[in-house]
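Order as written gives the chain letters A, B, C and D; numbering starts at 1 within each chain.
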């Protein structure tokens, strides 16, 4: 039930950003995750307090799924003083380490190794925590992924490698730039359990993530999960201004509808539940956005702070 | 700069860069283009090329900068003339060994046995809230790495000719272009520019401003403004950074006796530092005031637009420093 | 520098660095060490540590610099204090994104939410025919990348204390050490050095020489020699480069009015350029001669020993430039 | 027969370097390939004029196998004027692009992508050439290898990836830093034919290399060959000065003896053939070394040449 709510929240959060972008009220480059909600929620719902995630340029869904405050996310994305990163990170860099979201990253693949290190630290410090690295299919062509797989396997680091294969690397279909049949298969030779899963099936994702976290927590090392999902929107908002049409319309397997159906079939979701949730979430997000937009810009002297401790 | 001839075609900067590539591709079948999404041409400089030259010569790459820059080095050594679009020039960091230790060293390490006629194009500079990892001007890093030619055109004319010169060069050349100037219009004059050229415009007598890319634009705007107040600023657009056009620079500084160096890189070990140091050595006695540097302070580029604007040298900041130096 | 106390232990430089690490490991269980062959301690700074601290805290890594530097960043954010030996500091290029865009930016990009208490140790400099890819001093690249503290000790005392200061710092710190100085002996005095310190020795009045690492050694030798001829050179050993000890530097240059900057990096956009530019801005009026830079010319380090010696500033070259500047 | 001669030449060349090092007559760091002769000869004997190789810090055997002139190699390694690289490369960087040896590389993994580009260029220019990238087991942990595999597979580049697994990454046994069972297995997920072979069996290596070159020349793309071999000497000459004993003695499967036995069994090698070859090669190499040593140092102004064209 909480899953449904979180997925709804992600969807609405992102749709609000799409609208804001269209209205010219967002700055910078904004990558939305609509359609990929199940991956984020399926994995993050298997994590605990004290665990950590690293994320990507397309990371809002991970952050919402990790429980971050939409107001502080909006504020960050809008470049306001009260954003998580004090307005210095923006859409691609929303992070809240204290809440288990070490960081999004503008560099494709840039955060994967961080997750290995976070996992190693947790293990060494005996905190019981684990970590999860989210990355896209495009990042599966970055060398640092393979180096990180090797290192994690050697260290038996308690880390989940979560590849969100949404079918596109920017404007190029994944298979045009990704040789071989499967991304998960690339992890197996490192001796890492590697599975593919329907990334739009939050139940399935959560089950695998649960197995993986159990493996990690019990000292049996890393797991690789390739979530096959779809990117409903373009690579970034506003791309129509120059990108010729390049995409197949995504297969309409709405992960939220699917979860709703599952809940309904299990007799867990009453009629109108989703609509009610949507209304609640919409109200909450609208308030969060309004509060964020009411915030001031960061004071200029802040530009010179936070380089060094 | 060349005088404006009425017949010269008017282009925007990014398309002028693309036109520079296309001109070379038309005459030289060894020229090939690759990088991420170069067919769609996300960043501008490769847009439209696939239509004319086909997908055999314009190749979309995986997100594997180290491999496709390395492959370009090999291809260059093997007889092609690859033009690689790396998108944001700071993505070079994930492939930096291929820049610094390979492209920049192989000719030397082999005692000149091999040439690397390779061009790498990347955007450089802040263009509105792209934050730290997508807004840098890393020209100093390419210069410090060594063995790499570096150009940074600020007008369509410069972009067209310097791109051509880069592709025709037998050396690895980094071509930087500023995303905030992509749509800047200008005419493509017939008079070519070569690696090692600077563009002095406007000519002035009171203070020399040395700048590149967006900073050169701003410097020209400041010069225009101050000319109305009777102060004549000479702007040296250092559009090629390696080879560094020392003659043009020293000639200007010797004439004015005063220099402000404006840089969109961060201050420490910047191109501005190099210029200031080099001027100090070469024209110390002609200086009537200390050379001053205006650069991004030693911070990453912040996301929030107001903070970004606070750290990137503005016209106001340039004008203020110019006036200070003029009075010193 | 501190006066020599007869009881202070005498160490060689690389073991002093190892002792600096060991001291921290003894008191702080969060300090861990990793890198390629750190157990054997190929490069010196980690030699012997595994015997005292075991293989749980001293980890041999695969040749995966991007991943193990990246993992160190994550581990630092996660509460450890990793000390990474990257062997030759120019191997940083294969992991440069982790240096420049990650370690050097994350604190800022997160608005200060996260600290990266990380130390990366690498050798820097030519030590006899290791050729272009194993002989560089890339300090300028680390400074230009930004967000990284950089130290480069030239004596065992400096090595011990600056390593400790690096590990105790909450920032990412690059510790460079010169392979040609690994066996240099010196006493470890009780008086600590901190990040941001310079070491002025000998004190002089005629010309200031600013130098680091092997160049600081050579500068001291030159000062000694010239003192015999009645010329008193003051050597400012800029053993921490970020933070840059501007106060000590400007104090010296203001006193002598003359400065030579010696650098084992390549000239363009070097630390020497930064120092020359900074001095020009801060002490122009005190200068009685142009600041001169002596650095590796803009070439890779060649293999043949005689060529290597020709491009790395020698005592003779330093002395010659000092005399020129003294007379100017 | 030519194989035996080349392997003998490599062995003697390297032993002479070992002696020179011991005598203090070499400068810099020297990595010897004794024990790995069969890999170099097996692969290079499958190449033709116009093909290219890229090599590593431990690359003398590749260069000799590619037919380089020992005198110019000695001269380079000694830092003399007449060396292949005019004295500016040294032991780790001997190269002769005009003879199909694009370059050795001091950076582990640094040359792998170059081979992909060389292959692409050959294909595009229709030269009929192919390329081979030599690298060690240690390089199998460098990200750029995986990126290069992907790119080569996508481009169907005519390139051989030749991993010389000699059991050590510097001072560390390969399996201590290399997760999983096999390095070849890491290439297979990219859709690249990947095989392991006894790298000390020159006949077997050559057979596989021949298949791979045929595949490459006929437009069927890259092949990955993992040659299992042994490094007889240390990581570099002179390491005893600081490296504690760390190695098992290598299994004494001398690849040269093995080839000799094969030839003998086939009735192709008369008694005394090898001894005669050794004597001839020794004489030739001694003359080459003497000539190289007699050469002058490079003139100092050469230090400033060759940066740019």
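Heads up, the rule we're going with is that contacts are C-beta pairs under 8 Å (C-beta built on N, C-alpha and C of every residue); 3 or more make two chains touch, one makes a residue touch a chain.
Every value quoted in this text rests on a predicted model; they were computed, and no experiment measured them.
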item: Steps needed, at fewest, to go from chain A to chain C via touching chains; value: 1
item: Contact-graph distance - origin chain B, target chain D; value: 1
item: Length of the line joining the C-alpha centres of chain A and chain B, rounded to whole Å; value: 36
item: Inter-centroid spacing, chain D versus chain A (mean Cα positions, whole Å); value: 45
item: Between chain C and chain B, distance of the C-alpha-averaged centres to the nearest whole Å; value: 31
item: Residues of chain B whose C-beta touches two or more other chains; value: 61-62, 64, 66-67, 93-94, 97, 101, 108-109, 131-133, 146-147, 298-300, 302-303
item: Shared interface positions of chain D, touching two or more other chains; value: 85, 87-89, 93, 105-107, 110, 141-144, 147, 150, 154, 176-178, 307
item: Pairwise touch network: line, ring, star, complete, or other; value: complete
item: Chain D residues touching chain A - in the complex, by the definition given at the top; value: 141-147, 149-150, 153-154, 176-182, 185-186, 188-192
item: For the chain C and chain A complex, residues of the former touching the latter; value: 30, 32, 56, 59, 61-62, 64, 66-80, 82, 97-98, 101-102, 106-115, 117, 146-147, 149, 169-171
item: Chain C partner contacts - residues on chain A that touch it in the complex; value: 52, 54, 83-89, 93, 95-98, 102-103, 105-107, 110, 112-122, 124-125, 127, 131, 143-144, 147-148, 150-151, 154-155, 305-309
item: In the complex, chain D residues that touch chain C; value: 27-29, 76, 79-80, 85, 87-90, 92-93, 105-110, 138-139, 141-144, 169-172, 176-178, 242-244, 246, 297-298, 300, 302-304, 307
item: Chain B partner contacts - residues on chain C that touch it in the complex; value: 66, 90, 93-94, 96-97, 99-101, 104-105, 108-109, 131-133, 138, 140-141, 143-147, 242, 244, 265-266, 268-274, 276-278, 280-281, 284-285, 287, 289-293, 298-300, 302-303
